[in-house]
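Shared between the two complexes below is chain A, which pairs with chain B and chain C, respectively.
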Partner chain A sequence: MSVEAIDLTLDLPQADAPKAQNGGPLAANLLRAGSLLVFALVFLFFSATAPFFLTVGNIGNVIGQSAVLGVLSIGLTLVLVSGGPNVVTGGIDLSLAANAGLSAVVYALIIQAGYSDAVAILGALATGTAIGAVNAIAVVVIGIVPLLSTIAVMNVVAGVDLVLTQNTVIPASSDVLTLLSSGSLFTIPALGIVFILFAIAAALVLQFTPLGLRLYATGEFPEAAKAAGLPVRRLTAFSYVAAGFCGGLAGILSVAYLSGTSTGSGEMLLPVVVTALLGTIFSRRLVPTIPGTVLSTLFVGFLVNGFQLLNLSSTLVSGVQGLLILLVVSATTLLRKEEI
Partner chain B sequence: MSEFATVSPAGSPPRIRNFPSLAPRLALPLATIAVFAAFSVVSPAFLVPTNVLSILTNNFALQAIIALAMTLAVTSGGIDLSVGTAVDFASFAFVTLVLAGQPVPVAAVAGLGAGLVVGLFNGFLIAVIGISPFLATLGTLFIGRSIQQQLTNGGNPVYLPQTGIPDAFRFLGHGSLFGVPVTLAVAVLLLALFGLYLGRSSFGRTIIAIGTQPVVSRFSGLRVARTVTIAYGLAALVAAIAGILLTATVSVYIPNSGNAFLLNAIGATFIGTTLSPLRRPNIPGTALGVLLLAIVANGLLLSGLNFYWQQVGTGLLIFAVLAFSFLRGR
Partner chain C sequence: MSDPSPAKPDLHLDFSGVSKSFGGALALDGASLAVRRGTVHGIVGQNGAGKSTLIKILAGLHKPDAGTLLVDGVSQPHLTPALAEELGIHFIHQDRLLVRSFTVGEALFLGREPRLPGTPFLDRRRMQREADAVINRYFGLSIPNGRLISELSTAERQIVQITRALIGKPAVLVFDEPTAALVRREADLLFGLIRRLRDEGITILYISHYLNEIEALCDDVTVLRNGRTVAALPVANTSARDLARLMIDADLKELFPVRTIARGETVLEVDALSLKGRYEDVSLTLVKGEVLGITGLLGSGAKEFVRTLFGLEAASSGEIRVRGQRVKSLKPPDAIGRQLALVPEDRRGQGVALDLSVAENTTLSSLGRFSRFSFLARRAEKAAVQALIQRLQVKTSGPDALLGTLSGGNQQKVAIAKWLSAQSEIYLLDEPTVGVDVGSKAEIYALINELAEKGAAVIVLSSDLPELIGLSDRILVFFRGQVIRELSAASVTPDQLLAEATGSHIREELAHVG
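After this line comes the complex of A and B, so read on.
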């Protein structure tokens, strides 16, 4: 049992309910205000210093470029919500980036084989959802710790990707891909529109429906949720399948964005994890939420874009992300300690 | 979930296990033997001394050292996602100083120091500030990535010229001690050393106690913060040794290449936990986990299967071992 006993609780106040009641709200509000302020300051700074930053076209571009990362992070958010605050024994899906890569390959191969976009879209979404279903079975039915089972699934998925592509880029073009990559509405690229619509739909489900509330209940106190009669196992399974679907969708978006598949889809993994975890600081109770994840995705997008416009090396971005996550979590932890 | 073990859901009595069954513990050794036997039959080139040595030297040694580092962190109750960062930092410092004409021992010590910095930074974040290990080391990984790209002009490899490589450097990478390649000898030595150290020394037992029962350890007066910091420092130091050996073997430093070892290190460590009756991380288990992965990687290659099938095979095998162990272990 002691793999489960390893305590890797995310150090966010909701991790232990009694403490959160004493000192949580003030600390959380300070931090949330602080992180929104940082977002606003960064935005203002780039607006003032970087040419063309604050133009409708540029902001639309950033939203479009963030689509793949954003959709994947939304998928991971669902898993984090139903898995609770403990990263190791709780929910995590490390197969998401590889999932998007393989779904993209399936899409491109179906198009190359001469089938229509509808078939390709179905194929990609089915691939993603199937991978999610495998994760769900591994976690819920077999009972393997998610961190491990999704690593194993990631290996298999990335391997199948390599076998299918021989590690080359498969180009793809079709009507839908052209529409996604070059179409736009109100100067927001079509990719960005898909991202926004999907984020709104996911947010409505997760934050405003009984299903969403049940997912939170499952993650935060599984025993209580079980006692209250919730189908905890089915809800957990649902989150992995839904995340898999997000992987499929992200795959389609990435084919459109790159006009083909990518050999480096696995590199997306850690950015997705950081984006979803960083998103918690934009929520009132410091839990994963869809709006928080979207803000965190856009924040990273604006950072990359601003750095590029200022001719700063974009290699600094991952450092800034790392520093941010450490600063934010340190601040949460230290604030909480002081108030207890 | 164990904190809720006493709260039994309505209707079902709490499950009591007197004897952990042996079957789940056998999954890993049996899988290793089975895979070894299968490849010996399938591929004539597999079971020959040179190939077995090659498995141990090329597939096993470095990954085992890095998995050992991971096991140290997991034993202390955490996880270290930045083992690859320590590998890279050590590699960079080592190559840079050798290029600058410093003697190899000096460069090696500097490499170890550079790796140690990563570990102490992690230890500070986890033990002093109290950030969860997953997030702290993820942050370190991202910062480390940026630093390396800054240092190398966006990620350009640093090559050592083929001529004028110091003998000591060549010895680390390609030499042998009493007929055993240096990398393998170092790996086995480190595994044995830490295997004894964790199980037998009072400090090792303190790390295990903190990993198993952090709260009880604190109330028992163990110096938790200091021990955890040292554990992450040791993990990074061990990873740094792998970084130096890696560089000496390939004569080049490639920025952020250490992360390639990360997922296998996590996989091997946690597959290794199936060897212990209490599912604790343990060094023999980790070593066996790495050995299994090494055999599969080498065997699949020799069986004439496409290179890319390796990853599928490895993934399926990890999955099978985990599934068997978790299904039987419930």
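After this line comes the complex of A and C, so read on.
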């Protein structure tokens, strides 16, 4: 039959005209520019008012002090990437702070029991990874909403922590801990160096390998990922296990930082969530990235540091962090709504 | 091409006896599909005929309950998405499966990313180079590689989807309603491309509602109806009219009772209503006792129009008057207040609450009637529900039975009962018999008739054309955002109606002109 004359479609005015696509990116740019501006203003304010804020030593200090927060936020970033942007049903791991607390306890107990650093490091990392695996099973295999399952795991982990420590601080000292807490390179404390190296490794994986790209696809559009033949469930599970590993590493760093365990590891939860969510603002596509998370780690670090230097109450910091979560989540939610 | 029984080795895909049911509803009932290598093969059928189920089985997304699937003469009983891709079967999905925050290069290579030699890292430069080469070769244009999917137009996204499939070096390429969102120039471009791909030896499966596209583009066509293959023939031996006739089930006539029409006063007037990008300049009047049918393909704007009448979409211009009163910025509560009722197509998602009882569902929109001092008067509620259950012949163990335990047809009766209880006067029924068995269908038809006879005004939106003709007094046909015909139900046949809705008229009109 003839294959000329295809008279099928009438041009319906404006029906299929490409939607004005500038709104989303423009608003995203404004949001990013605005947050960078706030970052700069906060920085300027503290350098003008707080003594020593802008000294080389202080900046190095902030990087070192931010190490635990940074490593945990990187873990949460992985989960956010593979879980997608929906704040309620998407990926989240609320057990990370408690995970770091328990991993620290395991490390300290092993050192106290007289074993070597190597055994303690393995023990702490295994503890963190195992908690991550429990999360992965709850979320991927059983299918509980991450918000619920990880908060349940958080409580279990915190409970085990209490049983092991009787709510006391377990002091610990070893060669590795001493090196981590007092060593430094180019005025950056060893803890900061570990954080920077770990961030570079994580960024290489997430931003530059096929695995990273696939994690993003899994979170953003699982149907598209499935259609591309990706093992979506396995990728999601991987992100929780990897986050658990980050919890273990953060535990080791916190033992070094505090020369022992802490009874208040759970207090880290809010800053971790703030940091990982805030990080999305620093990416062009408004998605969580490792460089974005590192930037927001430093931002939160400088904020806490500035408040300390100005002798302001630390409860004020929590208030500001809560406010930041609300701002970031509402801004990105609104932007995404506009896009769709 | 006209060989009636092609030699088996010539068949690229050969499906036979394929059945698949979802929760008791039979989607495919022994369907077959035989596609010759290197041809463009059309698949047509009305909504619910089983097209998408068949395609999902080919994609490995559904597992058939029965039947054999031969690909290249080899039986594939355990088709998975990965295996389908290995066999060279690629899909251009209707709902563009692309990650919005990805760049063009990332979207194209997701799942088969090239790596920098000797490293685990992505070779972004190579991704860009290859993407450019393929897009340029097949489309003669370039999409800047750094752009995000969310920044592309619909047509550009489709190009990315097709390119993604082409990079996989496909043997079979499946297009699912590819022109639904394209303007004509873009569709022409697509057809040229499809012919070129066929000439390069790729087997093409082409699913479309637009019969004139099938006529113009395909070599062979398979017609599905109610999950069965009712015809498989060379396009050269058929016409859009014949195909329309094959697609329609003609044995339903006796289901429709005759209605004595008692026309009353005008209750609903719509004046030049438009919703940007969906439909434009739609006007109608509806009187008491009338059943107005509306039909149109997906994307024709018919569904959005009906949703606008209930306040679920906001019209961009035009006017709606209910009983002569102009309604500004209609919202569902206003609509209910003005005695409008909507029974949505997505019954389980929007029409009823499966976890509530029959009684609770029935009185959900009329709780005010059964409340005393803000407390529910359970006894009055129960009595009213009991009466409605009997009147509508809802098959249930009682008012307290959970709605989820009822059959689809009986759930739908409850969805309508909800509005009867609210004493609605203008009914908007969106695909009222979708997923409903034949027996319940007849009962629902009778119910709609009874409503009209008692003075309600009814708008029925349906893609089941015999149903629409049997129920309606007159029928509006939507096509690409406009009402292109108003027909008297008494004098139209289903295949005429289908020809109108699928755009065959355009071909004829143009033929008359030139």
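Keep this in mind: the second predicted complex is superposed on the first by the 299 of 340 C-alpha atoms of A that agree within 3 Å, B and C clash if a C-alpha of one lies under 4 Å from a C-alpha of the other, contacts with A are read in each partner's own complex, and residues count from 1 in each chain.
Everything below uses one rule, namely that contacts are C-beta pairs under 8 Å (C-beta built on N, C-alpha and C of every residue); 3 or more make two chains touch, one makes a residue touch a chain.
Values in this document were obtained by computation on a predicted structure and should not be read as measured data.
Q: Applying the touch criterion given at the start, work out whether A:Ala48 contacts chain B, chain C, both or neither, answering first, second, both or neither.
A: It touches nothing on chain B or chain C.
Q: With both complexes superposed on chain A, which partner does A:Leu286 reach: first (chain B), second (chain C), both or neither?
A: Only chain C is touched by A:Leu286; chain B is not.
Q: Could you tell me if A:Glu220 is touching chain B, chain C, both of them or neither one (first, second, both, neither)?
A: A:Glu220 sits against chain C, while chain B stays out of touch.
Q: Could you let me know whether more residues of chain A are touched by chain B or by chain C?
A: The larger set of chain A residues in touch belongs to B.
Q: State whether A:Ala118 touches chain B only (first), chain C only (second), both chains, or neither.
A: In the superposition, A:Ala118 contacts neither chain B nor chain C.
Q: Using the superposition on A, tell me which residues of chain A are in contact with chain B and, in the other complex, with chain C.
A: 1-3, 5-11, 223, 226-227
Q: Quick one: which bits of chain A touch chain C in the complex? Just the residue numbers, please.
A: Touching chain C: residues 1-3, 5-19, 21, 24-25, 204, 208-211, 213-214, 216-217, 220-221, 223-230, 285-287, 339 of chain A.
Q: Mind pulling up the chain B residues that touch chain A in the complex?
A: Chain B reaches chain A through residues 1-2, 4-5, 7, 9-10, 74, 77-79, 125, 129-136, 138-147, 149-150, 154-155, 211-214, 263, 266-267, 270-271, 273, 278-280, 306, 308-316, 318-319, 322-323, 326-327, 330.
Q: In their complex, what parts of chain A are in touch with chain B?
A: Interface residues on the chain A side: 1-11, 87-89, 94, 138, 142-145, 147-149, 151-160, 162-163, 166-167, 222-223, 226-227, 270, 273-274, 277, 313, 315-323, 325-326, 329-330, 333-334, 337.
Q: What residues of chain C sit close enough to touch chain A in their complex?
A: Residues in contact with chain A: 81-82, 85, 91, 93, 95, 97-102, 106, 110-111, 113, 115, 120-122, 148, 150-156, 179, 181-185, 187-188, 191, 195, 210, 212-213, 215-217, 235-236, 276-278, 280, 480-482, 503, 506-507, 510.
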